[in-house]
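Chains: A, B, C and D, in written order; residue numbering restarts at 1 for each.
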Amino acid sequence: MTSQLDSIKLSNAQIAWRAAQDIEDGAYVNLGIGFPELIARFQSDDKDVTYHTENGVLGFGEAPEEGEEDWDLINAGKKAVTLREGASFFHHADSFAMVRGGHLDLAVLGAYQVAENGDLANWSTGKGGVPAVGGAMDLVHGAKRMAVVTDHVTKKGDPKLVETCTMPLTGLACVTRIYTSLAVVDVVDARFVLREKLDTIPFDDLQALTGAKLHIDGSIAALQVPTL
Amino acid sequence: MTSQLDSIKLSNAQIAWRAAQDIEDGAYVNLGIGFPELIARFQSDDKDVTYHTENGVLGFGEAPEEGEEDWDLINAGKKAVTLREGASFFHHADSFAMVRGGHLDLAVLGAYQVAENGDLANWSTGKGGVPAVGGAMDLVHGAKRMAVVTDHVTKKGDPKLVETCTMPLTGLACVTRIYTSLAVVDVVDARFVLREKLDTIPFDDLQALTGAKLHIDGSIAALQVPTL
Amino acid sequence: MAKVCSTLVEALADIDDGMTIMIGGFGGSGAPIELIHALIDHGAKDLTVINNNAGNGHVGIAAMIEHGMVRKMICSFPRSADPRAFTQLYLAGGIELELVPQGTLAERIRAGGAGIPAFYTPTGFGTQLAQGKPVAEFDSKSYVQERWLKADIALIKAEQADRAGNLTYRMAARNFNPLMAMAAQTTIVQATEIVEKGGIDPERVITPGIFVDRLVQIADPVQEEALNREDARYERAAQ
Amino acid sequence: MAKVCSTLVEALADIDDGMTIMIGGFGGSGAPIELIHALIDHGAKDLTVINNNAGNGHVGIAAMIEHGMVRKMICSFPRSADPRAFTQLYLAGGIELELVPQGTLAERIRAGGAGIPAFYTPTGFGTQLAQGKPVAEFDSKSYVQERWLKADIALIKAEQADRAGNLTYRMAARNFNPLMAMAAQTTIVQATEIVEKGGIDPERVITPGIFVDRLVQIADPVQEEALNREDARYERAAQ
């Protein structure tokens, strides 16, 4: 099924596009390093969204032109950024006061596994090597909405949405919505509730690719496949 | 003995003068509201001392001329002050981080009672009315030296230096030095050690006016009586 | 995202009876007098008010107390040049007092804003003000456990605001204002000047806009001290 | 009172083997590269280093590690574009790692500076990084107890300093610097410019001078990123 899946599943950019549609006008948002950062590209101009980065900037914008970088103006991924109007600088404790104190409207992270009770595993494969956590364990606590963007299954085809995470946890019962390459799934009362799925995949096939029961609460909308 | 005492004891200004002599060049100092504030008047110009006030100013100076007050520039006693070169403003949590975090070199407060173990009672008579504590309970913790300026006895002639405080405590084992109207006394290993006394009062008389044993460790210097 | 309100009435519209309200300022400096007086006109009652003090004279928080709006004060120093409004009601048993050491008050408010439910402090250990609180020893020293403080509403006085809600303060009027702005569900700010988004240097911002919900411009704010020097008395405006 | 040192050697003179050293910066931004390289020349060893990261390339903290000076890293993210210095030594068992979530790291350092020996945070609850730590429930939610972090020395990069020790920072180079300046016994600062006392607007001061012990002017500080783009490698200067 994996090769068939590859032909229908959303690209990371398409997943990011879908996640971007839910960001509200006026929101304060933290996008995790890597895949989640793509979401900013699909932010529509008619929404005023303010991006937070852990290293003490609120209101940063796109990367500067090559050669125009100022290395004192970077994001949490250590990439050079620019400032938008209304930006501010603050120290790391104030930055994480914003995170932990519940002031962000949305945080989006990647995932190795998400459990049906909202547990997230995204910082360590548990296989040794050098462990590194950064701000992930802080970001999963506090934001009003805590979303995940991810492929629906691993490269090997194993479910990433599971009954119980087997990999080291980042946070307990923290994820509120998952945008996958096949579906949009909410975590409600420790259950996965399917909100949207690709028209091209039957429910039973989607359930088979999911490690825990997908509940239905009302109608299931069609997950859009944007042309990007 | 009280009336006789009145003729020899130091005035508040003279006590403040004595306390000022011990302030080191370069020190960061918080002077409690009221009597301790007098100490700043006797600060010699050849020492560079920076005054901290709880409400978020480091490096304030004298009161402005009458009519020149800016009521956004006050000290913890709500009195208008001025700024010296090198001053800074900060919020209340940062201000008490300076206090609690051990960054002040000296805090000086008044006292109802000081016990030989360094316990201080200075915020409440315990007799009812409206209780008010302000920053006193914070100031007694953290400063490298925690000094008290006080009359040696109460208006009724009762000792203020005692074995155990009977009034509500401000802090436990916090006082390091006491400047009284008759003597300078250190708290060392939960004992009062007499460092200086007025030449005009015999040791036995001073001991009789003190509620706990005055220990002697080396010589007792003459407490100076400045002409102010 | 901060919303600019054109009137004080609009800024305070949804404040309800029984709410907990943090009010910035230390004595008169940084006290949002216009917001407080508009709240008196609004008429909310049964309020818990968090401030360093408990009013002075017959304006500001003292006037709130005189108008019977305050059920409980959480403060460090309920004394002032003229503390009669609080003192009389307190001694008559008409208002509750939670007395908190000043540094602990500041830290509890910061903790509320920073998502820290409790912390340990040396302040107050072994005193009446720590009675009933958990204690713990760290590195052979004893500490008291203190809890965060949060509020439904914070009333803040700022110097400059931009339309993104970024704030600066004027001198020692900063005091509790930036902390309270973080610790309330809804933060309502009176600013001497509201400038365009980006009108404040990002390095000079003291309160980032993420903490601010509503802004109202009060171009020439009155000082509590000035009111008290002319023996002013604030009376609720006729509705 | 801050002391202005004329050389990096003078600023670092009394650093001893075995000390705990906080080093400001997040990645390269705010990293006091000149102080770090002078510390490599100084030669202290057996150090515990606290920083968000664990070095990148062969300069800064990575070079300290390559010179065998670091016994233990306390950090949140020991990865970078080129993390080999740390990775190889770590996998060989030659360096200890205390991994701390980034927000907890920042808060522990602030707590060290603020005299708060311990606090509770939701971060890490139920994860490997909270193993062995006390937990507690507040308002039906579970939290982990975390302890303060202090250091013997903090190495700080500032933009402007005045002779009273007041500091400003440049953009996102602020990061951990103001926190570490509060949490060390001795805070040593390299500033791009040292101005007269009073040369910084009191409203713009980010780190008040009370937290600063020594200042040294490095007028044109190098960026770690720039060094790494030219594959620089710092080698201890011949003594």
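Throughout what follows, contacts are C-beta pairs under 8 Å (C-beta built on N, C-alpha and C of every residue); 3 or more make two chains touch, one makes a residue touch a chain.
All of these numbers come straight from a predicted model, not from anything done at the bench.
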From subunit A, the most remote chain by mean C-alpha position: B
For subunit C paired with subunit D, centre-to-centre distance based on mean C-alpha positions, whole Å: 35
Inter-centroid spacing, subunit D versus subunit A (mean Cα positions, whole Å): 30
Shared-contact residues (touching 2 or more other chains) in subunit D: 107, 110, 114-116, 121-122, 169, 171, 202-203
Residues of subunit A touching at least two other chains: 89-90, 93, 96, 99-100, 141-142
Touch relationships between chains, expressed as pairs: A-C, A-D, B-C, B-D, C-D
Touch list for subunit B against partner subunit D, complex: 25-28, 48, 50, 52, 58-59, 83-90, 93-94, 96-104, 141-142
Residue ranges of subunit C touching subunit A (in the complex, touch as defined): 1, 110, 112-116, 162-164, 166, 182, 196-198, 200, 202-203, 205, 208-211
Residue ranges of subunit A in contact with subunit D within the complex: 53-57, 69-74, 78, 89-93, 95-96, 99-100, 124, 129-138, 141-142, 168-172
In the complex with subunit B, residue positions of subunit C that touch it: 26-30, 52, 76-81, 83, 86-87, 90-91, 97, 99-107, 109-110, 121-129, 169-179, 206, 223-226
Residue ranges of subunit C in contact with subunit D within the complex: 107, 111, 114-122, 136, 138-139, 141, 143, 147, 168-169, 171, 202-204
